[in-house]
Structure formats: C-alpha cells, structure tokens
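To keep things simple, chains are lettered A, B and C as they appear, and every chain counts its residues starting from 1.
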C-alpha cells in the first residue's frame, strides 16, 4: 500500500510539476494568471491527435507537431491579448477566461466534444515496482517531466536568454535598465510555456482522453502548486508539484479517494491566508 | 479633469450634481419597463430576460465589494448557489417560504463573514485566487454531499409565491432594487470608504478609515444580495442542480461585471444581459456562442477597460459636446 | 473620486426602455405549417452524455423519413408529414434543458415532447405546461415515471436488466466476489448500484467492495486500487459509456487483465475504439460484458435487420439499443395522433397514448402488455440482452438473452460460441 501510494504520488506529482512550471514561468515574467494554459494544452493535444490519426503520422512526429502548435498558440495569446493588460493586473483574469473560452471552444467547433483517445505505442504496458503497479503512460509522464525540468533548468541557468528571463521575473524595471529587451523575453517565456503545455498534452492525454475541457480541472491543481511554490519560482513549483502529488495520493489511499482534490485546495487556502508568498520564496514581492 | 479608474484607464470626471431622486425614479421606470417586457414576451424570451435580471441582482451584489471596493471576488457563485439550495432545502424541511429565504440569505451572510475574515489580509491576485478556490471547495463539498443535495440529480424546488404573476413582478422589482442599492450605498459612508480602499488602501488606513470593517461589511452585503438572486432562480426554474455552484459561475459573474462596467450602477445589467443573452438569444450552437463571448471579453476589456458603461459614457460625452457646439 | 452613477443615463435608459416596450410587438407564437407536424426533442448532443444524443437524433430522422417517404400519415381526413426539431441540452437539463423546454413547448407548440435525460428537472415545467412526454432513454432508478403522469418510457428500466448481469456472473461465469466501481454523482450509476446489491443478495453473490468516484475524475488509480485490495473475482462498473470506458482502460493499464468487467452502458465497437484507442481497445474489451436492451444486429426481425444495415451504411456507426427506440418514436406518435383524431390537442393525444397498441412497422421488439397495449403502466418493455466481445472480429456479440420478472430471470437463453456464428 505504501509503495503504491508513493508511486501514485510520483506520477501525480510529475503531472502537477510539469503543469505548474509552465504557469509559473509566465507568472514570473508578467504577473498573468494564465488560465488559458488549459486551452493551449487542449489544442496541442488535438494537434497531436489529428496528426496521428487523420494525417497518419507516426506517433512521435505527431507529438513533436503538437509541441510546436502549443508553443505557437501560447505566443499568440501573448501577442494578441496578454500584451495589453500587463499594467492592469485586475483585467488579467478577464482576459484569461476569455482566452480559455476561445481556445476550448475552437477545439469544440473544430473537433467536436467526444472523448477521443490519444494512443502512444506503449499505451497498454505496465511496470511493476515491488507490489505496486504503474501504467507505462505514468512512467512516460515521470520521464517527460524529468527531462523537461532538466532542460528548463539548463536553459534558465546556462543560456543568455534564460538568464535574461530570470532577471525580468525578479525585477522587470531593473532588467530593462540593464538593456534587456523585455518584449523578446515575454515572447520567449510564452513560447517555452507553450512547449511545456504541449508536453503535458503528450503525457496526460493518453492517461484519460482528449476532449475540449480536458485540462480545465487539473489546471486548478496546478494553481495550488504555483502559489505554494511562490509565483514565478520555477524550482519552487517543481518541488511543490511533487509534494502536492504525494500529499494527494497518500490522502486518497489512507483517508478518502473521493475528496482527493480537496486536500490540495484546502492547503492552498491555508497558504494564501498564512503565507501568500509561498513556501520557498524570500523575495520581498508585495503580496498583501 | 482626468482620473485613473480601476483598470488603469483614464476617466473624465464631470461635476457631480447629486440628484438622488432622479436616479431612483429612473431605475424604477427601468424596472417597470422590464416587467412589461417580461410578461409580454413569449415564454422563451421571457425566460432569458428573467435569467438576465436574476444575474443582474447577483452581479449588483458583487458590484459592492468588487466594483466599489476593487476587490476581485470570484466567489459570488457560491453565495448564489447557497441562496438557491438553502431556500429549497429549508422548504423541503417544512419552513414557510419567507422563512426559508431569510435562512438562505443568513447562511450566505455567515459564509461571507467567514470568508471575509479569512481573507482580510489578502489583496489583488491572491484575493482573486483565494476566493475562487473557496468557491471551488464549497461546490466540491456540496455537490458530493449526496444525502444533502442529491448530487447531480439536483432538487426540485417548491413554489413559494402565490402565482407566477407574483414571481414575474418580484424579479424585475428585485433587480431594480439591487441597482438602487448600489446607488444608495455609493453615496453613504460605506460606499465612500470602499472607494477610498479602491483608490489606495494603505493611505486610507493611514488616514483612519476602518478598512478591515468596511471590507467585511461590503463582502457580507455582497454575499446576501447574491443569495437573494439564488432564491429567485430556484423559484423561477423550479429545479436546481450543482452547476449553480460551480467555481466557474463566480468567475463568469466577475467577468460580467467587468465587461458591463464595474462600479457603475447599470454595469451589472449590461454585463448580465451580454453574458446571458449572447449564447441564448443568438441561438448559436454553444461552441460558437461561447467562442464569441470569449472574443468579446478579451476585446472589451482591452479596448474599453471600464466596460460597456464607459463606452456609453464616451459616446454620450461626444454627443453632448457636439450638441453644445 | 469616481463617478458611480449617472443620473442622466439612468433616466435616459428608463425612458428609452419604456418607449421601446410600447412600440415592440409581442412575438407571435409559431404554429405549425398546416401540413407539417414538428417532433420536438431535447437530446444530449454535447456533454458527458454525448455518446447518446447524436445516434438518437439520427435514428429518429431515419424513422421520420421512412414515414414521409410513403406520403406521410392521415389524421381527420388531412395528410401530414413530420419534421424533426432537436435542441441540445448539453447534458445539463436543469440549466440548458429548461430553456429548450420552453422553446419547444411554449413557442413551437409541439404536440408531444421527446426527451432523453433530466425528466426530474422538468417537473415544475410539466405542471405549468403539461403535454405527453416520451422518454426514449432514461432507465435510471428510481423510475422517472414517478415524476409526472404525462411521462412515458419507451424502454425497460434498470431493474429490468441489471439483475440479469449478476445472475450471469454467478451462474455462467462462476464468479462470486464483485467489486463495484461507480460514478457516484451520476444517478444512473447510483440506481445500478442499488440493483446490483439487491440481485447479489438474491443470488448469493458477495459484494466485496463499493467505491464511488466524484464528478470529473480522470485518474481512477486510487479507486481501482481500493477495489482490488479486497481481492474480487469480477469488477462491476456503474455509469454511462463515457464514464465506464476510461475506467476499463485504466484497469487494463494497471495490469488487471483476467477479471470480467461488467457494466450496463450499451457500448458500440466504434465508441470503444474511439474512447479507448486503437489498437488497445481490442485487448481491453476482451473481458467486457455489457447488459442492456436488445441490439438491432442480433434481432430475428427482418425489418430490424434492415434498419441495422441502413444505419451502418448511412452513418458509418454501429447502432446500439437506443437507436431502435428512437427510430420507432415517430411511429408511436403517428399512431397516437391517429387514435386521438388530432395533431394538436395534447390532452387527447395523451389519453390515446395510454391505451394504444404496439404500432406496426416498429423494430424495437416491444413485448405487448395486457390486451396488446404498448405501455404497461406507461412503460414499453423489451427483452434484455447481455453482450460480450469477439477479439478476432473486433466487435460485439450477444451472449445472453433474458426477461426479468421481479428478481426472477425468465426466458433465458445462454448463447454458446457467440462469436462463431457472428
């Protein structure tokens, strides 16, 4: 039981971490609660589905195509909408919801509302860890997250653009004064965020099914993680994602599976009230 | 003279001549007109209008804390749901209609008090996220509490009025009253204080405004008005289901208010008319209707930050300028 | 300080509105064309019940075309044809459905309303504007017939097919420890759970575990693990197709391969392929058993077989039990209207429906009630059928036919080698 709960927790945690990292990246750069990320995931998943099934591409090519679509759509949301509300934090939720409606319903109109399965070649496999089982799609999720986090870390720490993004997220004004071109950083962060959304589509799509509202529910869990880890804190999001996944999984097995999500949400409420800046941040960002 | 409004937009301030009687008369006239429209239209259009008016009540309530006070509350949906389910359940347990209404509104008020206290020190985005998740938790608990709320099946609501005609009078009347309420509050001490909090909360506190108490009062008032709307939708449809509570509802109400014109008396009416009317009246398949709504949200909030009301202002100002010339 | 009202504006708005009212004509109600009768239907075209609405709409359309093809029908010396108007309730009867109800019943003034789900939600509306209501799908327990006396059900309900599944598990598959995994918030699943428990008690089968997952669950791992912890030898899933298939898929992905998985959702091979995915679905469905109404493909009636072929050709989809009841609906309407002698008087049509016979040309295979009537206490009944999967042909085949008399299985027929003759 313990091993199974731990294994479930790592799978769930990987999903949360992958999702949260994409959200927190854009949060750090322009303080936008990007609910539209769920829509980007949806369109990315449908792109993969279409390429794989209608256009008969091999699965891995379709996956790559989906990632690109994710990146592009995400950049579009920035260029068309978010760009105009950077200085108006209270308008951002309205824009975010509007974008989510646009993206989800575009998927609905183009592809219909039926639940359709995204099927990687390993969809039916199982891995055994001691007495516990993990579906291969779960392992794929863990792997994807690990690779993505590593790549992101390298990017943020080792590349010029990455360091520029970190600078902007810490203090946009100072970064501008130092000569960093803000517009470019915004576009790059949204693009990366979109690729991360595509990775979520790739890893999460096969677990349940693809349909227009597929990511709306898990996005809420991701928000919990983003707040826990500190808005804009990528490392915090990754760690808290894993923690939350473990917390919810242990709660599901040892307390009640039906209220699994409730644990996460309750933790969020606690955090917002007690320590809104998150568990890990020590930046003096104004939060209250 | 230019001011900075809630969304960073520049506003033209005119000399305000307080003429309260005209305002209330105008709203009353509006209410009467809406009643005529309600009873004269056929059942389908009538039901759309009734829903718009009920949403106007809920978003007017929201207007107090979010419009006047500037606090983006995304939890109004929960109070709406509590009004509906609270009154329906109270009647099921044998309470007379009027008592059931009072109890439902009271319950919403108490929850509003608790939520207001819990979030008394949170602001801006965090307040938005926190209230949204509160709504989410409330909706999760109640919709899974099968023995109480009957889950997805929903509950049928006992009709509490004497006749449908009575209900048809109460709905536009309540909508008009909710608009008058905002007008009334905005001119009273509560309203002034909320506006100072909107402008600069720290400064307000500094000069002695009891911000914590003001916010709490505003929040509880918003909650109670939201519950009244819930009671009416339960009566009108005769049936309620858990998606009344969905966190999504609170979010959409906030958007409706913003798009209509937050802080403006008629903002809730315009916003609700738009949000409820667009999918239903245009008779589009829900996908296209919602897509359109999403596009308009984005466009409106970017181009006309103050919502439809501020667009109307601009048009009226231009018209009066050209008249004066 | 912000302006918070505009007195001029309010008055302006008020007067403008009042003026508009005096000038606005009240919308005329649309009566039907003298020679066309509209069949009004509220169906779940989108939402979590979306596997059910579209095939019903398509089948009803076929039925209407077949009636119109031979010149329509005659009532009171006048010829009429039928027209279908379907509104989507988005699987959300309490909010979207009630608006659709008002449109069809009050504005379009349809003589009879066809619905699929949400009967309970329309209760207040039934009272305000009553008319005969034909429910072509909702077999949920407790019965929707109790909602209002104007409601008819064109199929057998939950107690008429669920116990047979448990009987089959015990007596044919020789299983005695069932784990039930249900979509607790869905009343259909809750009704199935009640009857699985009753049947288990009756036939001597143990229910070792009952878990229910909340709305919008996509990760069933904790529920599956809780169920398996009690070491069942069969799994029973509650809910409709879109709830059941993902659970079946995740069961398989967790390594559970050799337990029979039983449910009552009426899955078609097309849906299995779409929701579970190709090629996984063939392996996942191998242990599936589905107990519901009879399928058109397996009927002996040549008219039903023809319907099956036509449906597959035209819509490229496998028709399940509900398509037959939908196809027959217009025929039921026509006979009721002819018996009542009117196409507009709702009360007369209602009275006629109560005692009407089983119409000719129908394909559902209804078992007549006493005196050859279609409805037995407003319920039209058929045989029930259990279906298994044929892995070589990647399709379904009947394994068990039966008719429930209370908790007693009657007219039972176990089909051996179901896949061979298929």
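The criterion applied here is as follows: a contact is a pair of C-beta atoms (placed from the backbone, for glycine too) under 8 Å apart; a residue touches a chain by one contact, two chains touch by 3 or more.
Keep in mind that what you see is a predicted model, and the values were worked out from it rather than measured.
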**Asked** What pair of chains is linked by the most C-beta contacts?
**Response** B-C
**Maximum centroid distance from subunit A, chain identifier (CA atoms)** = C
**Message:** For subunit A versus subunit B, what separation do you get between their C-alpha means, in angstrom?
**Reply:** 32
**Request:** Could you tell me the distance, in whole angstrom, between the mean C-alpha positions of subunit A and subunit C?
**Result:** 37
**Prompt:** What are the residue numbers in subunit A that touch two or more other chains?
**Reply:** 108, 113, 258-259, 261
**Asked** What are the residues of subunit C that contact at least two other chains?
**Response** 46, 184, 214
**Item:** Junction residues of subunit B, two or more chains touched
**Value:** 6, 140, 144, 287
**Request:** Provide the residue numbers of subunit B that touch subunit C in the complex, in ascending order.
**Result:** 3, 5-6, 11, 13-14, 16-17, 19, 22-23, 25-30, 32-34, 36-37, 40-45, 47-48, 68, 140, 143-144, 146, 151-154, 156-157, 159, 164, 182-183, 186-187, 191, 195, 198, 237-244, 263-266, 280, 285-287, 312-313, 316
**Residue ranges of subunit A touching subunit B (in the complex, touch as defined)** = 31, 33, 80-81, 84-85, 87-95, 97-102, 104-106, 108-109, 113, 220, 223-224, 227, 258-259, 261-262, 265-266, 268-269, 272-273, 276, 287-288
**Complete:** Touching subunit A in the complex, subunit C uses residues 46-47, 50-51, 184, 211-214, 216, 218-219, 221-223, 225-226, 229, 242, 246, 249-250, 252-255, 274-280, 283-284
**Message:** Touching residues of subunit C toward subunit B in the complex: what are they?
**Reply:** 1-15, 17-18, 20-21, 24, 26-27, 29, 46, 88, 90, 92-96, 98-99, 102-103, 105-107, 120-125, 128-129, 184-187, 190, 214-215
**Item:** Residue ranges of subunit A in contact with subunit C within the complex
**Value:** 1, 4, 8, 11-12, 108, 113-119, 123-124, 126, 128, 133, 135-137, 206-209, 214, 217-218, 249, 252-253, 257-261
